[in-house]
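Per-chain residue numbering starts at 1, and chain names A, B, C, D, E and F are given in the order in which the chains are listed.
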Amino acid sequence: MSPTIWLESLITDTPQEGFELAITLSRRGVKSTQPDVDTLKKLRPDYANNADSLTAASQVIAINFQTVAAANNYWK
Amino acid sequence: MSPTIWLESLITDTPQEGFELAITLSRRGVKSTQPDVDTLKKLRPDYANNADSLTAASQVIAINFQTVAAANNYWK
Amino acid sequence: MSPTIWLESLITDTPQEGFELAITLSRRGVKSTQPDVDTLKKLRPDYANNADSLTAASQVIAINFQTVAAANNYWK
Amino acid sequence: MSPTIWLESLITDTPQEGFELAITLSRRGVKSTQPDVDTLKKLRPDYANNADSLTAASQVIAINFQTVAAANNYWK
Amino acid sequence: MSPTIWLESLITDTPQEGFELAITLSRRGVKSTQPDVDTLKKLRPDYANNADSLTAASQVIAINFQTVAAANNYWK
Amino acid sequence: MSPTIWLESLITDTPQEGFELAITLSRRGVKSTQPDVDTLKKLRPDYANNADSLTAASQVIAINFQTVAAANNYWK
């Protein structure tokens, strides 16, 4: 979408940084469909206060974390 | 569906290009079920302004990104 | 269900043919639950004009594409 | 649940038999939660005539097919 | 939650026992969020008589079965 | 979000501790989207008393358990 580099590598120093990267990837997936930041802000209360929406968000992070963890050979 | 080649390879130069390819694959999955571009355009406001729909879209991208990342051996 | 052979191999020549096979597998999964073609046709407008249904369909294709891509060693 | 053996092996002769096994696994997953066959029959029209339910059923088959396909080394 | 040991190993003698373990893991996931057994019993009719809920339950089992099957090298 | 270290390693001594870690990862995924603990507490009855929400929560745990189990080579 934008030529800005936001993802240089899947490698992180620690599992926790890997989890943060998984969160970033999940948000980027949302942004790729709705790039307008104002719209995203307006939608925030819809899902941040809904239990099922939060579970769904956690699921996307879990899927992306699988990728990041495998990339880092599970930080072993 | 169409004989046009749109997917020559799963290999990309960078993780970010891999993420873009995952977005393309996700959109192609939609298009394979609804090939009519006008219908897709009409549906856009339905999901681009709905938090749960955006999370669901991000999830499909995450699944496709798993495939692309594995194909590229995680760009290691 | 039917003794007709419809899946001889997971190996395809190109990634794009692999994606087409993933679409076929997804449709077969639907057909295994609802084999009646007329009913399936009647249901088509329900999901082909619904953004969330299209995302869900794309997700099943993405999961099947993971399988097909792994089977083909990512066409490397 | 029942001591009857219904799953002796994940190995199948062909990919198509593997897909059939994935369907069986998906149904067994349902049965483990609702073992009453009469109830399951009564519920059938609910999902067999609903596009989103059919997509969801296809998704479970796709996940189980990943397992069966890996078990068979993709029938290579 | 409880210090009771309920998961000693992912290794099972047969695929079918592995599937039973996947069911156990799925139920434990539910219990970790709602540990009250009486509440769980009260909720049972809600999902045991709903086709989409049963499909969703089968999906969680399928995901856990992937894990158990890989742990057992697919009982090969 | 917070600089506190909460995830030092994906390695656990036992499968059961691995399952507990999967629960932690799932909750962290929720917290990353809604960090306010009071809001999360208020939402609790919404999902802890809803069968489908509990199944969805169990699914996220299952996905994270795949990651943790692979990291530990399935505790073999």
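In this section, a contact is a pair of C-beta atoms (placed from the backbone, for glycine too) under 8 Å apart; a residue touches a chain by one contact, two chains touch by 3 or more.
Quick caveat: nothing in here was measured; it's all calculated off a predicted structure.
Within the chain touch network, how many edges lie on the shortest path between chain E and chain F?
Minimum step count, chain E to chain F: 1.
Determine the set of chains touching chain D that also touch chain F.
E
If every chain is reduced to the average of its C-alpha atoms, which one ends up farthest from chain F?
Checked the centroid distances; the maximum from chain F is C.
For the two copies chain C and chain B, is the contact made of the same residues on each side, with over half of the numbers shared, or of different residues?
At the contact between chain B and chain C, which are copies of one sequence, the residues are largely different (under half shared).
Looking at C-alpha means, what's the farthest chain from chain B?
With centres defined by C-alpha atoms, farthest from chain B sits E.
Mind checking the rotation angle between the two copies, chain D and chain E? C-alpha superposition, nearest 5 degrees is fine.
Chain D sits rotated relative to chain E by 60 degrees.
Suppose each chain is reduced to the average of its Cα coordinates; what separation in Å results between chain A and chain C?
Chain A and chain C have C-alpha centres separated by 27 Å.
Measuring centre to centre with CA averages, how many angstrom lie between chain A and chain F?
16
Give the residues of chain E that touch two or more other chains, as numbers and ranges in rising order.
As it turns out, chain E has residues touching two or more other chains at 47, 50, 52, 56-57, 59, 63, 66, 70.
Among line, ring, star, complete and other, which best matches the way these chains touch?
Chain contacts: single closed ring, each chain with exactly two partners.
Considering touches as defined, can you lay out the ring of chains in sequence, from chain B by way of chain C?
Cyclic order starting at chain B, direction chain C: B, C, D, E, F, A.
Tell me, which parts of chain E touch chain F in their complex?
1, 5-11, 25-30, 32-34, 39, 43-44, 46-47, 50, 52-53, 56-57, 59-60, 63-64, 66-67, 70-71
Per the contact definition, I'd like the list of chain D residues that touch chain C in the complex.
Residue list for chain D touching chain C: 14-16, 19-20, 23, 47-52, 54-59, 61-63, 65-66, 69-70, 74-76.
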